[in-house]
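One chain, subunit A, appears in both complexes that follow, with subunit B as partner in the first and subunit C in the second.
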Partner chain A sequence: MPEKIIVADNIVKTFDEGQPNEVRAVQSVSLCVFEGEIVAFRGPSGSGKTTLLSLLGCMCKPTSGEIIVCGERITKWSEHFLTMFRRKHIGFVFQNFNLIEHLTAYQNITVPAIPLGLSSREMKLRVHKWAQILRINHRLAFPINLLSGGEIQRVAIARALMAEPELIFADEPTAHLDTKLSNELIEIFSNLKDYGKTLLIATHDPIVYGSKIVSRIIDFRDGHIVESGA
Partner chain B sequence: MSRWINILGFTTLLLKRYWRSTLSLIIVYSIIVFAFASVLMFIQSLSYEAGIVLRSLPEVWVQRVIGGRLLPIDNDLTAGLAKIRGVSCVHQRVWGYYFDEGTGGVFTIVGSDSIPDGLTIFAGKGLTSFDTAGVAVCGTGYLELHGVSIGSDIILTDTERHLRTLRITGVFTSSSDLITRDLIVVPYGEARRLLGIGNTSSTDISIDVTNPDEVETVVRKISQRIPNVRVVTREQLISTYQSLFGYRGSLFLFGLMISLLAFMILAWQKASGLSSKEQREIGIQKAVGWSIPDIMIQKFCEGTIISFNATLLGLIAAYCHVFFFGAPLLKPFLVGWSVVYPDFHLLSHLELSSIVLVFFLSVIPYLAATVIPSWKAAISDPSEIMHA
Partner chain C sequence: MIKDSWIISLLLAEFISIALMLSAAILAIRIARKWNITSSAKEQLVLERQSYLISTIMMYVFSFEMVSMWLFVIIVNDHLPPIIKGAMCGTGSLNANQFGWIALDLKSAEFIFLALWLILHHLDRKIPEYPLTREKNIFLLLLAPLVCITFFVEVLYFSNINPNIITTCCSITFDTTAAGSSSVGIFSTLPEEVIVRIFHVLSVAVLMTDGLVLYSKRWMQTTGYVLAPITGVAQFIIVFLAIVHHYAKYIYGMPNHHCPFDMLWKEYFFVGYFIYALLFLSLISSLSIGVMGIASKKQVIRSEATSFSGKAAIWNAGSTVALFVLLVCVEWIWNATALQIQ
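On to the complex of A and B.
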């Protein structure tokens, strides 16, 4: 029986609380994610999927409620400890890739490993390992502005894997990809599952949530979970 | 340690990315440091040299002033001055300035029957009391301007427009170019002829005082007993030089401080108004696991690399400008026209405190301008990058 890797209990996230422009992005959400699962958060733009990923990914703290990630109650932790925890356990693939311009693919992939204090040899080994799995090892020396959309996406995934996290969070990963590249990405995610990674994907792309690799779809609307099922 | 090395390597990468703008920033920064450090080094060296020059001066000297003009002083006063209590020694001095029409240089002619105190002969021989005319010991300025050497004859014009031929018997060397560069020492009789000073008078009379604490008393006695004279003390001259260098230097430094301030404001604005690209990059770094201290270390390294290199470059350029090339950009303003020609070389005198001051004024503000705004960006919520 797989272990629970994420547990969220009645979490709420309110922006600009008490102000006229107050927004309740996540409202009373409870869920759990098991090790090795690929969970898709499905919902329209503005439904709160990205905010929920940020909360579960220790990027920000909930206004109320409790979150447990990898067995740790992280809700009351300081920003510094959340960062330390995130760098070890969680990798992010952003909607807009968020790579650093004018650096090469190799240099971008190493960014999360820099504060870890890894030796250059260890970094090189890790970069080449994931670059080979993601089939971008021949493009490592290229600046990212010379790479195709699919290659850039794979560089972003390799960067998320650089610190060898158990959890991968992907926010609208196919937003800038065509159908062919989206299918390739699904294949990559499937490979990551084989490596024991747990994936949480926020998406409204049927190619992603309709694929066989997704263990569970959680429907999200107006900050609420509408439906959760396999 | 490897974390620091990794961050330093990453910082270098980021700087190399926009190497043109990084280089431009370092160059502009260096120019400002160069100007500031040049003035500082120049004033310091000049003050140091002035100290050496002034040490060789007598404690007190007496000049004749009529209607505000300096005139030769009667030698008869010597005996009266020697009788004043506290005076140990009295000398008649014959000296003056000589305009060399051929080169446009201004030289100092000093009458003496020996080598003046504090000066040494670099080559050849000095003067003796047996030399009464026809010989000279020169500073290197005269020799270089005329292309002559020891044993050569030089021709000077006296006040009656008669030509005087003098043989160079020696060349001066000194710890300071400022003392000997424009100097021509000739026998007393020759100096009197060249400067138009008769045998019964001198340029001024120097006085040595037995007890240095009694200088003021001796000065007061001279002023009370002898009319139409000006009594100058070494301390007065030291203070005048210090004020002069300080005044000119301060004016320059004030101007430079304004430039430095303007640069710092620009740097601050640039840094504080972190571009959206820089803010985004800080957000990315935070999102992928960089902590606030990690980002601070990176920005600190970035600021240090730029400010340290620019300051070092500026300091080296200033050192070369002042001590190797003779400060051609500053000399006309800080020294004055009368001693600009013949040229002189400044002593390489640089105090550690000045280097520390330049680094302090240059590096610290720049680091603050780099690190503080980045810290503001780094404390923002990393989840903002998710919505970017």
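On to the complex of A and C.
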């Protein structure tokens, strides 16, 4: 029986609380994710998927409720400790990649390893390991702006994996990809599952949530879980 | 006197440290009032970042204070005596007016409290919830006036020095045959042998307390955190008296020389710096056991506080033993040398 890696209990996230422009992005969400699962959060734009990923990924704190990630109750943690925790346990693939344009693919991938204090040898080994798995080792010396959309996406994934985290969060990972590249990405995610990673994907792309690799789909609408099932 | 370049440098450095401290205090007021680690509001995030800024400022203030304390000692012990009539060392300089000893005492207190603040901060940063942030900032708000008062007293001291008025120096102030003045006060009437015995007994008491703090967590949380600071403060006072009354004569090789400042000179191999550094280390570590004991009342930090108090006990025991050995060695070397001469 796999262990629970994420537990969210009745979490609420309200932006600009008490203001006229108050937004309740996540409302009373409870869920748990098991080790090795690939969970897809499905829902239309603005349904709160990204906010939920940010909460579960320790990028922000909930207004109320409790979140346990990798056995740690992170809800009352300070920003500094959340950052340290995220650095070690969580990899993020952002919707817009958030790569640094004037750096090469290699340099972009090593960015999360700098605060980890890895030696340059260890860094090099890790970059080449993930670059090989993601099939971008021939493009490592290229600046980001000379890479194709699929290659950029893979660089972003390699960067998320650089710290060897247990959890990978991907926010609309196929938003900028065509069908062929989206299928390639699904294959990459499948490989990551084989490496024992747990993936949480926010998406409204049927190629992603309709693929066989997804263990569970959680339907999300107006900040609520509407339906959760295999 | 205030126009002297050394003094101006010292006061300027202190002024910078006060400006930094006051800016930290302004931020600390907000944190002490509004800190809520469970809040997800932007304001809390801002407070957390301001809290990091405060800790950086405090580390700089502590560094400034450490240097300025050394500078203060250098000024009163080396730079002022040739200028002030009758002064031959720091004692004479500090006796130049009524503010000298108060300034030194306040500076020492300020240094100790700043060190304790940093220890509290270190403990707070060990726990993800930062459980001592509010208390730490309240402590900072209490420290800010002390830093300002110390600066004000220093200004009063330096500006009121009249080089033409003859001051009394160590031979009178620390004359163990009569009631002394200033720092030694009423204790100067105690016989030398009694003071040395009390020093020995207290050193053993400090070591026993440290041993018990290390051995029993429960004892540390109930009795040790009160006893350790008490024995630490008592030891601090009695060691100072033992130095003046007994060990100084071995350091200087003169039976009637009891000055606590001359030992900071090159002629005496700067041995005073080692003695006072160990003395302050011992006091700060014993007080920090008290701070840890109070902090351990909070469940979330109990384990870390207890573990830290163990480390503080080791530092305290180490500095106590080192101080004891150093002073006993000084006496022993002198006695051995005297025997050889005979």
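Operating definition for what follows: the second predicted complex is superposed on the first by the 230 of 230 C-alpha atoms of A that agree within 3 Å, B and C clash if a C-alpha of one lies under 4 Å from a C-alpha of the other, contacts with A are read in each partner's own complex, and residues count from 1 in each chain.
In the analysis below, a contact is a pair of C-beta atoms (placed from the backbone, for glycine too) under 8 Å apart; a residue touches a chain by one contact, two chains touch by 3 or more.
All values derive from a computational prediction rather than experimental measurement.
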**Prompt:** Aligned on subunit A, subunit B and subunit C: do they clash or fit?
**Reply:** fit
**Where the C-alpha centre of subunit A sits as vertex, the angle toward subunit B and subunit C in the overlay (nearest 10 degrees)** = 50
**Prompt:** subunit A residues in contact: does subunit B have more, or subunit C?
**Reply:** B
**Request:** Name the contact category of A:Asp171: first (subunit B only), second (subunit C only), both, or neither.
**Result:** first
**Request:** Tell me which partner A:Ser28 touches in the superposition: subunit B (first), subunit C (second), both or neither.
**Result:** neither
**Asked** Which partner does A:Asn183 reach: the first (subunit B), the second (subunit C), both, or neither?
**Response** neither
**Prompt:** Does subunit B (first) or subunit C (second) touch A:Pro112, or do both, or does neither?
**Reply:** first
**Message:** Taking the superposition on A as described, I'd like to know which of subunit B and subunit C A:Phe92 touches: first, second, both or neither.
**Reply:** first
**Request:** Tell me which partner A:Asn137 touches in the superposition: subunit B (first), subunit C (second), both or neither.
**Result:** neither
**Request:** Considering only the touch criterion stated at the top, classify A:His80 as touching first (subunit B), second (subunit C), both, or neither.
**Result:** both
**Asked** Does subunit B (first) or subunit C (second) touch A:Thr63, or do both, or does neither?
**Response** second
**Message:** Contact-wise, after the overlay, does A:Ser54 reach subunit B, subunit C, both or neither (first, second, both, neither)?
**Reply:** first
**Request:** Superposed on chain A, how close does subunit B come to subunit C by Cα atoms? Whole Å, please.
**Result:** 6
**Complete:** Residues on subunit A touched by both subunit B and subunit C 60, 79-80
**Asked** subunit A touches which residues of subunit C in the complex?
**Response** 37-41, 45, 48-49, 52, 125, 128-130
**Prompt:** Which residues of subunit B touch subunit A in the complex?
**Reply:** 1-3, 6-7, 9-10, 13-14, 17-18, 277, 280-281, 283-292, 294, 379, 381-383, 385-388
**Complete:** Interface with subunit C, subunit A side, in the complex: residues 13, 17, 60-63, 74-82
**Request:** Report the residues of subunit A in contact with subunit B in the complex, numbered from low to high.
**Result:** 50-51, 53-54, 59-60, 79-80, 83-84, 86-88, 91-92, 94-96, 98-103, 107, 111-119, 159-160, 163, 171
